[in-house]
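Below you'll find the structure I mean.
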Amino acid sequence: MTVLTFGEIMLRLKTPEHLRFFQSPVFEATFGGGEANVAVSLSNFGIPAEFLTILPENSVADACLGELRRFGVGTGKILRGPGRLGIYYLETGANQRPSRVVYDREGSSIAQAVVGDIDWDAAFSGVDWLHVTGITPALSQGASDLTLQALRIAKDKGITVSLDLNYRKNLWKYGQTAQEVMPDLVRFVDVLIANEEDCQKALGIETAVDVESGELDTEKFRLLTERVLSDYPNLQKIAVTLRESESADSNGWSACMNNRTEFLLSHKYEIRDIVDRVGGGDSFSGGLIYGLLSFETDAEALEFAVAASCLKHSINGDFNRVSVAEVRALLGGDGSGRVVR
Amino acid sequence: MTVLTFGEIMLRLKTPEHLRFFQSPVFEATFGGGEANVAVSLSNFGIPAEFLTILPENSVADACLGELRRFGVGTGKILRGPGRLGIYYLETGANQRPSRVVYDREGSSIAQAVVGDIDWDAAFSGVDWLHVTGITPALSQGASDLTLQALRIAKDKGITVSLDLNYRKNLWKYGQTAQEVMPDLVRFVDVLIANEEDCQKALGIETAVDVESGELDTEKFRLLTERVLSDYPNLQKIAVTLRESESADSNGWSACMNNRTEFLLSHKYEIRDIVDRVGGGDSFSGGLIYGLLSFETDAEALEFAVAASCLKHSINGDFNRVSVAEVRALLGGDGSGRVVR
Amino acid sequence: MTVLTFGEIMLRLKTPEHLRFFQSPVFEATFGGGEANVAVSLSNFGIPAEFLTILPENSVADACLGELRRFGVGTGKILRGPGRLGIYYLETGANQRPSRVVYDREGSSIAQAVVGDIDWDAAFSGVDWLHVTGITPALSQGASDLTLQALRIAKDKGITVSLDLNYRKNLWKYGQTAQEVMPDLVRFVDVLIANEEDCQKALGIETAVDVESGELDTEKFRLLTERVLSDYPNLQKIAVTLRESESADSNGWSACMNNRTEFLLSHKYEIRDIVDRVGGGDSFSGGLIYGLLSFETDAEALEFAVAASCLKHSINGDFNRVSVAEVRALLGGDGSGRVVR
Amino acid sequence: MTVLTFGEIMLRLKTPEHLRFFQSPVFEATFGGGEANVAVSLSNFGIPAEFLTILPENSVADACLGELRRFGVGTGKILRGPGRLGIYYLETGANQRPSRVVYDREGSSIAQAVVGDIDWDAAFSGVDWLHVTGITPALSQGASDLTLQALRIAKDKGITVSLDLNYRKNLWKYGQTAQEVMPDLVRFVDVLIANEEDCQKALGIETAVDVESGELDTEKFRLLTERVLSDYPNLQKIAVTLRESESADSNGWSACMNNRTEFLLSHKYEIRDIVDRVGGGDSFSGGLIYGLLSFETDAEALEFAVAASCLKHSINGDFNRVSVAEVRALLGGDGSGRVVR
Amino acid sequence: MTVLTFGEIMLRLKTPEHLRFFQSPVFEATFGGGEANVAVSLSNFGIPAEFLTILPENSVADACLGELRRFGVGTGKILRGPGRLGIYYLETGANQRPSRVVYDREGSSIAQAVVGDIDWDAAFSGVDWLHVTGITPALSQGASDLTLQALRIAKDKGITVSLDLNYRKNLWKYGQTAQEVMPDLVRFVDVLIANEEDCQKALGIETAVDVESGELDTEKFRLLTERVLSDYPNLQKIAVTLRESESADSNGWSACMNNRTEFLLSHKYEIRDIVDRVGGGDSFSGGLIYGLLSFETDAEALEFAVAASCLKHSINGDFNRVSVAEVRALLGGDGSGRVVR
Amino acid sequence: MTVLTFGEIMLRLKTPEHLRFFQSPVFEATFGGGEANVAVSLSNFGIPAEFLTILPENSVADACLGELRRFGVGTGKILRGPGRLGIYYLETGANQRPSRVVYDREGSSIAQAVVGDIDWDAAFSGVDWLHVTGITPALSQGASDLTLQALRIAKDKGITVSLDLNYRKNLWKYGQTAQEVMPDLVRFVDVLIANEEDCQKALGIETAVDVESGELDTEKFRLLTERVLSDYPNLQKIAVTLRESESADSNGWSACMNNRTEFLLSHKYEIRDIVDRVGGGDSFSGGLIYGLLSFETDAEALEFAVAASCLKHSINGDFNRVSVAEVRALLGGDGSGRVVR
């Protein structure tokens, strides 16, 4: 069972601690991106995972490959091409001050790619599951076309497809809107992952839930997931992450899933001293795919995904550096934070 | 509309993170001081701001000028003279352990200055608003005399004067007490800024409010502000910051204002994971001056000042590195800390 | 009045901030170990304290001696011998992710020592109080034998003996279990320090208190302490620390003591943003010994110990870098975290 | 006398010390670029200097403005526009391993600009001297056109023009070669700055000097400068920097100038422990413009420029953080490195 | 063509910059060891390389695996077992002060291993070349036996064997001397690598060359290599590295080789500002194996090895992070250190 | 045999690496000062050493005491008094750019002290040797008077006195010149330490040696030392350090001594990659006192002092962190910098 994720990986330039840009003349430099983050999660959980992207030919991109290898992610299918390595700048917020991302990903190699640049037969060799997100189709017409092509071919090959809607309002600048593109993609998907805002902005499915407030109405989420499943009969299941943002440091974190048979609502974790929430959603996707591949019930898969992504909030960087044993310990009820020695 | 602030700027030597002195052989080195902090806030908010002080002639003081210029603060009126650059050492506390400041500001250039060292006509050229604090008169007889002279001349020139009482018990060592000096200064002030302890220690106006407890009685603050306004009929308004200290990391933060017409009580922010509260009061002053210059109502000005200074608690260093847009976002109700991207 | 503590001191290699191992190619390197931590606490409180251990002959061990001297701890009795300097690796957790310790202390000089390697007459010269923990007897047969010998000879010399049970499940690998060894040691002890799990694992005294839950039942602790005092009639008093772990960042912290006359329950501190809890128990022991030597009542001693160890949670590193004045300020009711300047 | 420099400023991401990319997950983040570097040099020397570029609207670019202001460089003419902030990655070499630059400047705001985007009348307001380099015309057709337009208009306005040929083989990708573009620009120039390779690659003027070898033949440089002056009769003078690279750490550094009256050869500095040679040529340009504006003879100007840029090699970052007094001390013969205290 | 290297990999704890132990409470933490260093070099040069060792089961050892994977080194044959991860502490010297290594490798997993712990048939699967060093047999009787067993079996399987004598006087503590052990190993070797001291201390082959002096007599090295080849007729060739230590920062670096047909003396590099010379010999071995596998003549292989290891001296850490293209650039004559951009 | 040194210890605030002030918002914070540096050297060499100064009562000064204790320096005689802890800022130069010190030591506790503040009988209890420098009398009239008093009383008590002239042109601001003060002090001295400039500036003894040039004429130093010995018949011997400054990184370092019987000229060390030369002279004094106390001949003492201070140039910070064994290794001829492992 091998999972391939396809998308963009970026250089992530974060200010140290909670500093604003250039309070200190230093950036913490790591790599990250929705699909790569999922591949790293899976590899950390012991699932063979490969990442497919296009990178430029330079030594910073070489270092990116090395980082992926370090986690055991397969990099053999990664292509090199024209364009640049996308970047995102990150300031970590605190309390009432939100974290801020400045994207510098225009002109990236993947954004410059067009249909024909990727040999999908080679890419899908040995692959059982494909995971993509709504970020790649937001980058450029070419990246959007490639994503659609990937889903089509995957479907033809009988590969399971998961997609995280991942709506980003500051992307989608190339002339198409999310609602014009995403529905066509979702029609090839087996497992859909989203949050409430994604459903609204990417699929146009409105609900009355107020994203800004902390209060969540789970009943509304049942309705929301039912509407999505109804609109997209190809979907086997949809999982929705439920973040209650109280401050930059303190969130409630849970998720629900509708598999057409049952509506499952997970345990909710109160996360009070968040280290880094960027990549939280991706760590949920990684946990969910692991869970669906490993457990007998969707309920178990969902709880694993929520626990795995709860732990992500304690880890700096996009990647969720936790093991199955650590997630299981939390699932087993030990969130007390006692020193393990 | 140009604001001049006058006072001392110091080198701030902070231990990294929450370390105690010399746990690591490193200090974070920035600059700060009540009046300079206000100038930086104003400049960040787009208000032309100048800072007046006296610095020694050496390359560390040169770097201080550079830092002020970086924020757009006007440094053209800063004088160079004998004496040293004042310093304060800072350890950041956590939980039940308070932050600690060790002052090393004796013999600073501003403390050694005497009447005659500053040409106030030149200093007030183009100035519409003067802001000072109760720290400068606490430094030395000369600095005290210069502050009084500044207020007198500003008043003569029709310049609006704001003063933050800012009582510091470890200063006031040159032979005068705060209560002997501050009342004479306050008689030249239009906008007074204080906290409860300041009123008591600097003006001798007692109230029954218990500073150490977290509970605050707003009614008492109405009475307190009325008493101050009654004693000082020149005052147009008084603003009082209300800090409820639960721990080094967790404070309630709000303020009230009495403008002789109405008693205004602001929204209260619960700040749970404070990054740095030093300079919090100064960021309130900066926000208040901006607000009074920019909004139609005192209520709006007060809310802006409280929101601006709430955000300061998320920022390392004396300076409040936030924009009007960021304060407005918080005022607009988004303190949820969701990632902005 | 001089206190000698005997045991192992290790190099502590901690990842920066909350990073996992090798997220950054850097370790914060300090020294620590239960008994050395107690000596440092006592020296910081003004009590003459000496530390006895065996270290290898190399420059890293030399640096360890220097660090102890820095705190005024007497190092003149420390021996040099074969073997290595023990190490422990530490990752600091956050929220639901616990801190993790990886021990690398096998083959340490103290673990390789055997009876005969320490001249106890010389070691106890001028000593009034001996403090040991249950860690040293867990290292090796030799270290266990030496601990028993130390207690016997101390008892003969009329030296007061305190022992912190400090059960560590990943030690005790040399063929003996804690329950086979510890009871024999406890029979020489005057002041016993423990937590609930220690009593169970090291002495086999079961209670119904659930360690994993946050809820604590003080009545049960009264019974627990009574049972221990009943089983070990030599004990003058037993103190039990009560940690309520809500997360890696947030703990309730208190303690109780039974001195055969009264059962004392301390004030409970809510510690919400823990900087470092490793060494928390040792800082309690240090505070308790100081308190018993300095105050008239056990109640005062207990409160001092709890306040001292509450403050430890705000300090990075094994050592509790606080003064008596700082503990007294907290005892006096000021845990509000207001900046001291 | 105000100098305007026009071109691109980039984020410079340097690995710490001599590390290769991602040996440590950190970049030192500063700003730099040929023309900005010259403006900073001039401002540090007390010459009013302004920098003109186009930057995107984001907070990283805001920080760039702050850094320029810190040095007193005028930023009032800087425009904001579409595109990105260019980046260059830097590894500092050692010994036989050269420093390496990876450019990531495609799509920068200045590269996307076209004729019409800059109002040159406004830009040249109050300007007496314009400095540009051969880097800007290498970026894009638009940037090339803008540079030519700038020179034309400056010439019309009687503004002195200096140009540093600064050939970069990895730029010039938009369809024009340096030799197709640069000669047309040089025809508007008063003071030309170059090294031997620049003359060959940008102007096609060949000499027999071997760039790779350390040996330099000054006679050839006399001929080279004469050939350039002969080809470009508009030039008043040409200065050529002479770098003898022995290793990444050790260079000989000198320069020559031909002002049509005399051929001047400067003192040669042996620089043995180079801290950072990037920006060395720019610091020469800055020193030369200062010298030509401040001294009576070209010989003095040349010696100042060489001494100023010799000192640059001791300073990390693109900017030459030295004062006139420091350059004069070196010119005065004190390169002995004795501690100044 | 796959190369397997077998031996110990350690955690390397280096003080920052040139600091002595605990001048700063920080260690730079990387991994290294003679045989792993060779595998990393080979992988960086594009040769499939695997590393075989035994590591304990803990998360620090897991991180070690990740680091090897990052360079593409095959880790699939690495075993986990009892014992610890060996450590070496490193202070980097300067000038007349030498770098100092403190070993803490006793009790490592590989040192505790005995014959039977490694299945050599599995280990040698797909392997064409085996590389070992004289460090492993110096660790323990078991590690020595395993090394001998490895060579015997490799020989039987027709695998080419290279061995770097690598004499370390502070190892060899388990009862055997180098001269008792190494000759038996060398009898299975095809390519021997050594320096002059190694030949003397490990093989007992004396020469008159004075190791401490900088002067080297190449004639003596011809004789030395002839003697070794004469004593060990199985050897195809011997390469000897020639280091002329002038100071901690400045070395001459070259090598010679005797392949029974010709005595080859390489180019000598003067390395003046050494960043890190630890691992220099290993980078020579890696370069030599690459060269012997890739070039037609031994002369080319030798020059490649010397150039590759010259570059290693500019790189922090045990691993030689250079590419074939970089080595070729130096071989091609460009050691001038000009910035590559 | 116990040595007491008396003088000022300061906080040393150094920029990282070779950075100029505020290139990075960080200072490396250590402690140092001529006389404390000598005490640390002696303690590192195993000579009981005590340091006498006056420090303020604050936690930064407490940390200073801890640092001295770490090296085993006796701090029991240090007094606490009014005034501040002196500071010096340091930028480390490179190549032609010199290191720069900015003093901020006015108003220090020792500078504010007057005769009567120190009980010399207590201070000299158990002391056999007193070491002072020409820095303390340069601070203030009080400090000068105290130094004279110390020498007088030491002489009366038969304590050996050494004095390092240590002329600092930016001190001596209180109304006396060095030449008015120092000769009176030298009349109580047994062992005088100086460099050529000191003799000229502090004693008015001119020679023709050109301090700025690298060339040194040892004959002149013979004459110089003879003149000093002739003017001060109380002197037993004079040692003169000979620094040949080629650049900030590269110095020749040697010394001579005249003991009225012989003129000794030491070995000269070429130091090419200086890490930190501040404190170099103090490390010579420390080595010399050790040598005079430990060796039979002055020649041995002189060579030890020069070798010890040569090694100091490889060590960051004021203190010379080397052992007798390390100095002996260099004296024994091993300055080759080979790795010790």
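General observations
Labels A, B, C, D, E and F are assigned to the chains in the order they are written; within every chain, residues are numbered from 1.
As a working rule, a residue touches a chain if its C-beta (ideal position, glycine included) is under 8 Å from a C-beta of that chain, and two chains touch if they have at least 3 such contacts.
Only a predicted model underlies this, so the values are computations on that prediction, with no experimental measurement involved.
The chains touching chain B as well as chain D are A, C, E, F. Shared contact partners of chain D and chain E, listed by label: A, B, C, F. In this structure chain A contacts its sequence twin chain B using mostly different residue numbers, the overlap staying below half.
Listed candidates were D-E, D-F or A-E; the one reproducing the B-D interface, defined as more than half of contact pairs identical by residue number, is A-E.
Chain A and chain F have Cα centroids separated by 62 Å. Centre-to-centre separation of chain A and chain D, using mean CA positions: 44 Å.
The residues of chain B that reach two or more other chains are 17, 20, 23, 25-26, 66-67, 100, 272-273, listed in rising order. Contacts between chains leave no pair untouched here, as each chain touches all the others. Every residue of chain D that touches chain C in the complex is listed here, in rising order: 23-26. Chain C makes touch with chain F in their complex at residues 66-67, 69-72. Only residues 17, 269, 271-275, 310-311, 313-317, 321-322, 326, 330, 333-341 of chain C touch chain B when the two sit together in their complex. Partner chain D is touched in their complex by these residues of chain A: 13, 20-22, 25-30, 58-60, 62-63, 66-67, 84-85, 87, 89, 91, 100, 102, 104, 106-107. The touching residues of chain B, when paired with chain C in their complex, are 17-20, 23, 88, 93-101, 103, 168, 170, 212, 214, 243, 245-251, 272-273, 277-278.
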